[in-house]
Amino acid sequence: MLRAEHVSKSFCVGRGRNTKIQAVLDVSLEINKGEHLGLVGESGCGKSTLARMLAGLIRPDGGTVLLDGQDIQKLPVKARKEFRRKVQIIFQNPQQAFHPRMKLYETLAEPIRLFHLVETREQERLMLEEAMERMGLTTDIFGRYPHEISGGQAQRIALLRSLMLEPKVLIADEPTSMLDVSVQAQILKLIRQTTEENEIALLLISHDMDVIRAMSDKVIFMHESALNLN
Amino acid sequence: MEEEQTRELWRIERLQVFFKTRGNDIMAVNEFSLSIYQGERLCLLGESGCGKSVFGMALLKLLPENAEVLGKAYYKGMETVGMSEKTFARLRGTEIAVIPQGAGSSLDPTMRCGKQVEECLRLHEKENSQVCRQKVLSLLKRLELPRLPGIARDYPFELSGGMKQRILVAAGIVCHPQFLLVDEPTKGLDWGCRDKVITLLKKLVEDEETSVLLITHDFNVAKSLADRVVVMYAGEIVEYGMREDVLERPVHPYSKGLLAALPQNGFQAIEGFSPPLDQIPKGCRFHPRCPHATGRCAQEHPNLTDLGEGREVRCFYAEG
Amino acid sequence: MKKKAISLFLALTLVLSLTACSNSDNGTAEEPVATKTETQNSEEAEEEGLKEIIISEQWTIDSVDPVSQGKVMNQKCRVTELLVETDERMNLIPGLASSWENTDENTWIFKIQEGIQFHDGTALNAEAVKWSLDNAFEISPSLVKRSNIESVEATGDYEITIKTTQPNAELPAYLHDASLGIVAASTYDADGNVTTPIGTGPFRFESFDEAKGELSVVKNEEYWGTLPTYNRLVIRMITDESVRAMSVESGEVDIAVDVPFSEMEALDSKDDLRVECYDTNRIYYGYFNAASMFSDKNVRQAICYAIDRDTISKEVLYGCGTPASGPFNSSIAWSNPEIEGYKYNPDKALELLKEVGWEDTDGDGILDKDGKSFSFDILTFSSRPGLPVMAQAMQAMLSEIGIQVEVKVMDNNAINEEMEKSDTWGINLTTAAAGLVPSSVYFLNSFSSANTEVYGYSNLELDEMLAACAAEYDQDKRYEMSKEIQAYIVDEAEEIFVCNYGVNYVFHENITNFKFNVEARDWMLNTDIEID
Amino acid sequence: MIKYIGKRVLSAAGVLLVVSMLTFFVMQMTPGDTAYVMLTHTFFGTGDLITQEDLDIATEMYDLDRPLTVQYGEWMLGALKGDLGTSYIYKKPVMDLLKLKLPYTCILGFLAFFLGLLLAVPLGILTAVYRNRFLDQAIRIGSVLASSVPGFWLGLILIMFFSVKLKWLPVSGMNEGLKSIVLPCVTLMLGMMPVMIRVTRSSVLDVMGQDYMLFAKAKGQSLFQALLHHGVRNLLPPVITMASLQMGNILGGSVVIETVFMWPGIGNLLYNSIMAKDTNMLQGCVLTIALGYILSMICADILNAALNPKTYRGGGRMA
Amino acid sequence: MKCRKFSVQRNLLLWIGGAILLVIIFVLVFGPSLCTHDPLKVDYTLKLRAPCREYPFGTDGMGRSVAARVVYGLRTSMKIAIVVMLISCVIGVCVGVLSGYVGGSVDLILMRVMEVVLAFPDTILALAILGTLGGGMKNQIIALALVRWTKYAKMARDETMRLKKEEYMEAAVAMGNGRFRIVLRYVLPGIIGQILVLATMSIGPIILSGATLSFLGLGVQLPNPELGLLINEGRDFIRSAGHISLFPGLVTALTTLGFNLFGEGLNDYFDPRLKEKAVSD
């Protein structure tokens, strides 16, 4: 479904843009429907760059990223929005993934309003309250700001926000590395449960072997921005 | 150790820390009483947000302006909470040292790493720079840093997370302190370097015989480094005892839950979330998440009860 | 290595600024070396009893070219002298030329005084005078056009003849122009740049510090006329008038010219200062816009009656400029004493306006005529301090008789454009030097049709009178005709003459016996001024 | 590093070119026809009636009737060869006048700039260290008061007090060397200091909040030592950048100060040449001030680059 | 360690600034009705009267009440200042956000344009505009606004660049927000704080530059009063009747002080650093 062919990306760093860092070199990878893929490697080997490219946030220098056969960079505007709905991403640092000055209700309601999933405000509120139960969160969080909730709660809300749009693919870029061991268990369990229910393909990225072993069917190693599939 | 009752380095009596914010006062540490002995390695274990770092910083008077510390703490008999900043500063670096939490941001980006370690030496021992540089290089060799001596002249942004953490360790140890506070040595580090840092720290601490207060949320660190373990939850000590007792045969429901949540024990997570410190529940603070919670737990706040051979627990169910 | 460079640099900047400020701290203690020469000679001057005057004025001295900066070199520093000089009533008297007469309508013969030397020792003869005049005409051609001189010939060792293209009865007057100061050839170097101005006057050029804009001249010991009483004159340029007032008050300067009118009283009250006020030949006047309601003579005269010149002189100019009745200030020889001008009479003004249909019909306090209300703009500029305040005063006075006026102060250069563009301007309030050329007709020519069509008037009768007067060779008859013209102009009231342009001098008490010369464009010091 | 400086200089040249073009066309827009203005400034007094023939002669003498582009082209060629044309009011090549007057503006500008920095940075550090205490608020209120007074008004007050009443300092001009620089320098300095204090304060606060300062305290360094060893190099960049902007204000502000204190600098020259529409002279002054401003910006960038090791140690190894 | 109570003490400046602003607003609204004298009526008999009960600020060189002129002058000055601030704010923020958000070549070009405007001495620009269009208030506004927008642009660009690196911006893009919507809902709210601070801090300098313009002879049309003009008019009477220039100067200083203190207080209020880090674990 979501495929990357010979994708590579390098960044120019330092004042005057004179030194080049090769982040991702000639990576090809495919995520099929309902598949759980694990990507592991030490930090700094280009994992998150690859994740952002797959999610269409970074334009690759070489190679293409295809969704159902179409190159995501060349999609017309309408189709690009549809692509956003199909492929969702959650980030490593939960607290920073939300607008610091927006109450969490607004943040959660945004995808609904963007894609006009419902007409009236009541339906929107109902939908959100029902989703919060599923995630095991209390509705008093609606009135809170991102820095007023714990890491675990924040990651749950990020997950909830992505799942509102019923995506086909969920990319999780090191979702638990910033969390404590106990909270980590909750989140991983939740991700596993939700992706299986709605057959969402999952690409889990982490540098922690235990997490990958527990969560994914297929594992890909990444070393120095290149892949060696095992 | 000289005599059985080793000399007491720290004695902390009912330490409390308040944070003044615009709205209300948040109590981060509640009634902390503890004593640390010479050459002992004590580990403070707890989830993020339970106030363990705050306790460490309060002990060393490194809290930000809006914090207020009550209670008493004695270092070698000297009362430190009330002590003036100037006198306490003389202890810092030589007798009491810190390995801070954020490895990335605790190093000055515009100063070479070697120099930042040398700085403590030159500040206290007043030797000439040549001798200092030799001492630092030998210490870095002990920490197995690659590309010596070149790496000493590198800047922090040129080093990886693991290497920066080792530089911090070097800076902490270089003056041979008697008491070392280590704050989250493995947080945010790669899975690979985590073990490396732990083994290095273990070797160093044993060679120097410094007493260590270890603050972490990582079980492996506690297991391999600590003599005694204190488990903290929502600003309070909930369980306290020797390493084997607490880590293998925990008594408090929260400690048991922590143990169960480890990947090797099958990821059984504890329900719910640790309460934010401005909404502390009544009675026992763990009762909303505790499987054995009874009516009494919700009403009454349990105290630390002694279970013999230096083990204490704060839970009605565990006493019973 | 890089780290060393930066800390070195930081240390350097610190040291640099420390020395700088320590330098300026101890600067006040002992005399700074840098400017030794400057203060040194003024001290020497005092020790040997040499008398020195430091004067500060408003106008910037841009260069020492005796032609373009004629008023500086001739009037202020008196380095150069003119063929024809004037007495205190601006009658022509012999200067470097001992006598002159016109053999026929277009040729004039001037006899040059003998035995006069330039500052560089060369003798003053006909050849030198011819060279100097030709040089002046080449640098500023407009001088030639005005006096329509055709040629200057040296017809003898000490005699020159000047031919004119048309008859010009007042040629000698036109030669009394500051730009025609007689200079030696050695003033200019090979490619025409001024090195040092060499004239025949009582003072020799000493130095001109371009950076500080300060000019100094020294007494010319071998001067042919009466020697001046003081040895050295330093002219210091201070553009801001308040600062100029302070410079004389703090004793840094001996004389200050054109201090703010409002400060005159305060300065005079100080015991070590003395303020003297005089009317110059310049005049504050405004010309009407013929295209507007001022085409009608009654209306123009009504405005003249509606302006209270005494209040303006006393309150606005603080007495520094007496009310003017005609174009020429009374101390000038050919000014017409019988003109009593327009005394302040608001009722007569309203009467005149009513005759022509201007009265307040709709009762809104503003005169109107067939629907249009009587309102116009006064245009003026601010580089002459008196003008904006005077315009506001006129606005207030006119509003009392129901005329709505808006004052527009703008950059002096923008006024011409404004006059073409806007149709609401009524009066252009400005100043003009009546004594630019000491001739009874020259200034009046500026009211001839050729020049007044800019604001829409043409008056053939006046043109004829002006031409006749210019052609009249007999001086007394010419003065009579000029007086008639002045009376005619005042009666026509195409222009409104408000006040004479006053100049104020602030003297230290050690300077006395100052004689004012009405011909001075900005200011002039008489050579026999006393310093004790 | 060299490539970076090269790029900066190139862009500076581009900016100077655009500035000179802008000056030329803006000058044509200003009021009054050039010939009329030229005459009023040389032969006649302001306001005297100038006949049409005089205007024609002046136009033809200074050949003002050529099309604008030709005039600018000619000037441009000259400028490239270093000859900025002659000023018609001073009758001197523009280059000589600039050489004569530039030192005065530079002395005043640099002295005010460095003394201003020397006072503002320590005050800024003080307000940051004693945050929200009386000292902090007093300094901030004082500095705001100092900057809420127009330059020329402050100048007049200073002259009246120091020169006239106390007779310590000369009223104006440059004739008593360093004594006459004190007043203009103080006036210029007061103008720039409040901004510098505020920037230093926020920069120091930023640095004091950093973890490495906490670590320095943990090593036993007092706040002052920590600031000296670690603080200085980290808090300087924003201060330096703002300082270079202030240099622009000083050069610009000197027009007023130099007019009040009769300081023979470029500002005075600029004012006179605007009034007299002396385009060549104006171009010279504007380019000098623009050049001064751009140089200060380039110096700031180079200094910041030197302070930040990232620039000259490449991107760093992520391994 | 003694711990200070936080609410008033910390933003004392905000309170002082706010109080002064209230006084100014009061004068703006009720001023004209309060003072009885007509600011334009010339009456030479009352010339240069020292401050007394009847004329609280004394009279000027043409017998007009300085108090009345200051009140009306404050109104005109505030009008000019606020309009200039708004124009320069809008232009500056648009340019800044555009060059910050889009980056690349657009950023380069806009940076060069800003450098040109910054390098160009503002006195000339003001003169050219005022010279050609005449000295009216409208033209003074244009002249001032054309020079002042660069401050906003620089600030907006730096803040946008900083915000762009934040993760929640990437998350917003991933959510499917269009570019325009991101700027509106994410970037602008992020820099509103700094804009307010800059805006309040620029009122003072704008009034002062009005004074400088009239000092150079390009000010607002005579005789309707404007603070800068009044200060300049009093220049000649500094020794004999200092009150003419003193009171407008004081009111200008007070206004500038009020706005600047309010700005500094706002700056502290919005300052992320000063928000208490309640508990770091």
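Annotations
Just so it is clear, A, B, C, D and E label the chains in written order, and each chain counts residues from 1 on its own.
We adopt the following convention: a contact is a pair of C-beta atoms (placed from the backbone, for glycine too) under 8 Å apart; a residue touches a chain by one contact, two chains touch by 3 or more.
Computed from a predicted structure; not experimentally measured.
By the count of C-beta pairs in contact, the leading chain pair is C-D.
Of all chains, the one whose CA centroid is most distant from that of chain B is C. Taking the mean of the C-alpha atoms as each chain's centre, chain A and chain B sit 33 Å apart.
Centre-to-centre spacing of chain B and chain C amounts to 88 Å, using the average Cα coordinate of each chain. Centre to centre, using the average C-alpha position, chain D and chain E are separated by 21 Å. We define each chain's centre as the mean of its Cα atoms; on that basis chain A and chain D are separated by 51 Å. Within chain B, the positions touching two or more other chains are listed as 47-49, 160. In chain E, the residues that reach two or more other chains under the touch definition are 127, 131-132, 235, 238-239. The residues of chain D that reach two or more other chains are 30-32, 152, 156, 160, 233, 259, 307-310, 316, 318-319, listed in rising order. Across the interface of their complex, chain B is touched by residues 42-44, 148-153, 177-186, 188-189, 207-211, 213-214 of chain A.
Within the complex formed with chain C, the residues of chain D that make contact are 30-33, 36-37, 40-43, 45-49, 51, 53-54, 57-58, 61, 89-92, 97, 100-101, 104, 110-111, 114-115, 117-118, 152, 156, 159-160, 163-164, 167-179, 181-182, 185, 232-233, 259-262, 264, 272, 275, 277, 303, 306-307, 309, 312. Against chain E, in their complex, chain D makes its touches with residues 11, 14-16, 18-19, 22-23, 26-27, 29-32, 132, 137, 140-141, 144-145, 147-153, 156-157, 160, 194, 198, 202, 205-206, 209, 245, 248, 251-252, 255-256, 259, 270-271, 274, 282, 286, 289-290, 293-294, 297.
Those residues of chain E that touch chain A in the complex are listed here as 166-168, 170-177, 185-186, 189-190. Remark: chain B residues 47-49, 160-161, 188, 190-192, 217-219, 257-258, 261-264, 267-270, 273-274, 276 touch chain A in the complex.
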